Amino acid sequence: MTHLPTSSFPALLVGLPILLATLSLFFGSKGRAVVGLAGSLLTTALSLIAIAEVTRRGTVIHILGGWDPPLGILLRIDPLAAVFIGMLALVGVFISLYAWWYFRVREADTGGLPQFWPLWLFLWAGMNGLFLSNDLFNLFVTLEVVGISAVALAVLSGKTTALTAGLRYLLAAITGSMAYLFGVALIYGSTGTLDISLLGQVLEPGATTTFALLVITLGLMIKMAGFPFHFWLPPAHSAALAPVSALLSALVVKGAFYILLRLWMEVFGVSLTYAAGQLIGVAGAVAVIWGSWQAFMQTSLKLIVAHSSVAQLGYLLMVFPLLILAPGVTTDSADWLSPAWTAGIYQVISHAFAKASFFLSAGIIIMALGHDRIESLRNLVGNMRITAMAIGLAGVSLIGLPPSGGFMAKWMLLKGIFLSGQWWWAPVVLTGSLLTAGYVFMLLRLAFAPAREMDTFRPVPKSLEVVALLLAIGSFLIVFPADFLIQFLESSAVFGSGIEPIMEGGEYGNN
Amino acid sequence: METYQIYSLTSAVLFVIGIGGVFITRHFIKKIIATMIMGGGVFLSFVSFAERDALTFADPVPHALVITGIVVAVASAAFALALARRIYQQTGDISFSNDK
Amino acid sequence: MTIVELITVIFLVVGCFFFLAGTLGVLRFPDLFSRLHALTKADNLGLGFIAAGMALHIASPWAALKILLIWLFTLLASSSTCYLIAHFQKEQDQLKNRKEGE
Amino acid sequence: MSLIIDGLLAILAIYLALQSLLAPRLTQSVFLFFAFGLALALAWIRLAAVDVAITEAAIAAGFLGVLFLDALRDFAPRIPAKNEAVQKQYSKSQTKSLFLPRLTLWAGLGLFLLIALEAVWKIPEGGGLTAAAGTLLPESGVENPVTAVLLNFRAYDTWLEMGVILIGLLAVFAAGGKMAYRKPGVASQDPLLRQVILFFTPVLFLFGAFLLYIGKTGPGGAFQAGVLWGAIGILLHLGGWPFIALMPRWLGQLLLTVGLGFFLVLGFLFMAAGGALFEYPPAYAGILILIIETLAAISIAAALSAIFALLNQIGEEADEIESTT
């Protein structure tokens, strides 16, 4: 991989936010907000320039310290990483704008939270580092940067529910990283390299590799709240402050998914079996049904949205069984790989926009009402037209109605499912959408219902509402550049690839 | 059996003790200790492989990784302790309630 | 076996004996003060013997000096911690007595 | 013979790990965990990982041990009545589990252990990177291969890790830690403790500096030195001189960030000059690494003592609430 063109952007994408985070520590609450917002805008601009560079030159790399792998660490932006960085930048900048106004209002009420901005910039840098890294151990370090700063953000409010949920989240995160790291130790011990590209060439199947795959998958599943390790997500995401909930749900969980996707497709091909793909698909399917049902049963807005995250992450796991081919099928003949990949990527992006918008809207409602019990959403349309619209649009994208990004994702997923002949996933997708429609329309029905008792809506800055609405609109706009996006992604080596598993019951069969 | 194998087998045992402990124990502090035991197991496996791959000196890369890992683990454990103590201070709880 | 080696072995054995005695004391003695006594006195003596034995064994003046320093620092640390723990216990006891007296 | 020693050490480590989770009283757990850390440190020595042994003893057993001990003030209070209530709550929640789920759990764990053991037993010889590191060692600017990996070959990891320490501190702040002046405690009035602190402060400083310098050629380096210097901060804090809280704000922030910041700015400078991030000219690598390590050690020391001070403060507030109610 070292023959690819080098570029400074990978180093800058991690270095700049950390530099600004460090700098912001020298300021008081107000100064930190200024540096933080400026840092977010700069990082977004930098991300977009970096992506432009990738569209021009293809995959670019950065060999840190000038030491080639396997001894050194290599950062690379391929189209897949570029898309994730772009998603992070676009959603991140809106969340930053929202946070700017949100904390100004909050500061007037209850005092500022000076830790938000440095932690958010550290988190951003960690996510960028995670998307860029090509080294298993470095991925662990970035996971920790992301994990600790994410939990720290989640407990910012200092309320008991947030602290308890935060500790649960943190313990899950540490357990997940340690499980991941054990897998890394075994991989290093059996190959002597940590570089993902090299590992793809040298890793041999065996009991050790299979176990490493197991613990790494386990660790990342805990981190991305995949079923049955979703228990920490709803309390943590619903108890956090609105901008934090948005970035945790929309962005942070995608980091672990990204690593899982990369490692399964680029490293562990030799050890994967058809059954492994089906198994993780089942976990995803249960998550879709269970999460949607739980969301349907909740009575407070943020808990609905948080449980809906469990379900939406389930769809991501359902991509895996499509990418691991049945014995005897070759990658060339599998015409469902491209739709499946498209479904995964679109699910990641559209969920990021829609969920961020949903959580930010919930924050606006809490700000206006002082609570988020859904029965008080009556006559939301009359009081806060923009927020009601944002919730409606985000909800439509989550359900997957056309012409939203969510529709694109679910449509492509169904297309992949039917082309591959794995029809048994289709009812899950449809049931999930139906349940999602259930809770979204329940919210909308309330929003349009005439007010019964007089819940007073306190005035909320229009700018907050506009940001939430823009994100919701964004989850629709992402459909338009679809052709360009897929074409761009197809220039990446990993996009559209599938695993031809070793024969079942072979020497290193399914154990 | 070689020296490194004693320790790599130990590392697997410690890892499983730790991961079991995280789920089985109730007290916050014990859960934190369990994650650190897990970490101890992971680091031991790294270092045992380093000893196996020694030439004139042991493989320095796992040693460096373990030093990094220990510091990272301690940072997260310190944060976990802070959370646990805050929760105890606010509610008097020493474990997660099961009603969720 | 040279004389030096013989002395080293004797020192190490004696050192281990004191450690054993100290550990036994910590486990068996009834109250904090006597336990502290066993821990700090016997163990430090044991460590001293082992340090002396190792210093003889290594036979390099610099290394011997380092070993001596290790022993001295341990002595300092353990005696001051012993004092602090004992002091704290005494204060607690006095508090308790006063409360009972009231 | 040596296999027997290793075997005993392994059994000891496993026993201590199990016991620290099973011990009925929290105090026992914490002390057994201490012992577990020291057993691991011995294991590192047996595996010729002296750098790791020092780090383990200093950070994992030492620093973390101090944090745990400090936490015992909350969780294992000396006032018996409260303790009983806590114990009751604890044992009540323990009896809730059912037989069948437990059996499945233990069976699952047993199976997991078996495949884990098989995985490490059957591990192929990967060969490691010893040879690669050995060949490039002369270009790294230092002679200790571990320092070369930490500060040069994989400097990026180390840099991010220093970020993690800083994030850890911010996180403790976020959890509600407040940097406040500790009341001048009993400790500072005790003449002996005063003398001990006065004596150990320069000794620890010297020893840290020694470890820092020796890291170039032998076991030691920024992390070990940072922890020792951090111990100075902890000692002073406990002795009633909370110098971190007393320091001007900007100075505290400078100490905390100088390691991370300098590391990065230097990296950017060399990148601007046409290299990669963290690529040093071989001729200056040695001296640059020493400067980076010194500043890193300062930042680590500041962060660790601040983390301790914050956690200690949480306990202090709890004590106050207790005494007022």
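The first chain written gets the first letter, and so on, giving A, B, C and D; residue counts start at 1 in each chain.
In this text, contacts are C-beta pairs under 8 Å (C-beta built on N, C-alpha and C of every residue); 3 or more make two chains touch, one makes a residue touch a chain.
Predicted model, so just to flag it, every value in this text is computed and none were measured.
Name the chain pair with more contacting C-beta pairs, choosing from A-D and B-D.
Most C-beta pairs in contact, of the two: B-D.
When the centre of a chain is set as the mean of its C-alpha atoms, what distance in Å lies between chain A and chain D?
31
Centroid of chain B to centroid of chain D, CA atoms only: how many Å?
12
If you average the Cα atoms of chain C and of chain D to get two centres, how far apart are those centres in Å?
Computed from C-alpha means, the inter-chain centre distance equals 26 Å.
Return the residues of chain B touching two or more other chains; collapse runs of consecutive numbers into ranges.
Chain B, residues with two or more chain partners: 8, 11, 15, 18-19, 28, 45, 49, 52-53, 61-62, 65, 68, 72-73, 75-77, 79, 83-84, 86.
For chain D, which residues are shared contacts with two or more other chains?
116, 119-120, 123, 125-129, 133, 149, 153-154, 157, 161, 164, 167-168, 171, 175-176
Out of chain A, which residues touch more than one other chain, so two or more?
In chain A, the residues touching two or more other chains are 71, 137, 141, 144, 148, 151-152, 155, 158, 163, 166, 186, 188-189, 192.
Provide the full list of chain pairs in touch.
Result of the pairwise touch check is A-B, A-D, B-D, C-D.
What residues on chain D touch chain C, complex-wise?
Its residues touching chain C are 78, 190, 192-193, 196, 199, 203.
Report the residues of chain C in contact with chain D in the complex, numbered from low to high.
Those residues of chain C that touch chain D are 73, 76, 80, 83-84, 87, 92.
Provide the residue numbers of chain B that touch chain D in the complex, in ascending order.
1, 3-21, 23-30, 33-34, 36-37, 40, 43-45, 47-68, 70-79, 81-86, 88-89, 92, 94-95, 97-98
Can you tell me which positions in chain D touch chain A when the two form their complex?
On the chain D side, the touching residues are 115-116, 118-120, 122-129, 132-133, 136, 149, 152-157, 160-161, 163-164, 166-168, 170-171, 173-176, 250, 253-254, 256-257, 260-261, 264-265, 267-268, 271, 275-280.
Can you name the residues of chain D that touch chain B in the complex?
2-3, 6-7, 10, 13-14, 17-18, 20-21, 26, 29-30, 33, 36-37, 40, 43-44, 46-49, 51-52, 55-56, 59-60, 63-64, 67-68, 71, 74-75, 86, 89-90, 93-94, 96, 105, 109, 112-113, 116-117, 119-121, 123, 125-131, 133-134, 145-146, 148-150, 153-154, 157-158, 161, 164-165, 167-168, 171-172, 175-177, 223, 307, 310-311, 314-315, 317-318, 321
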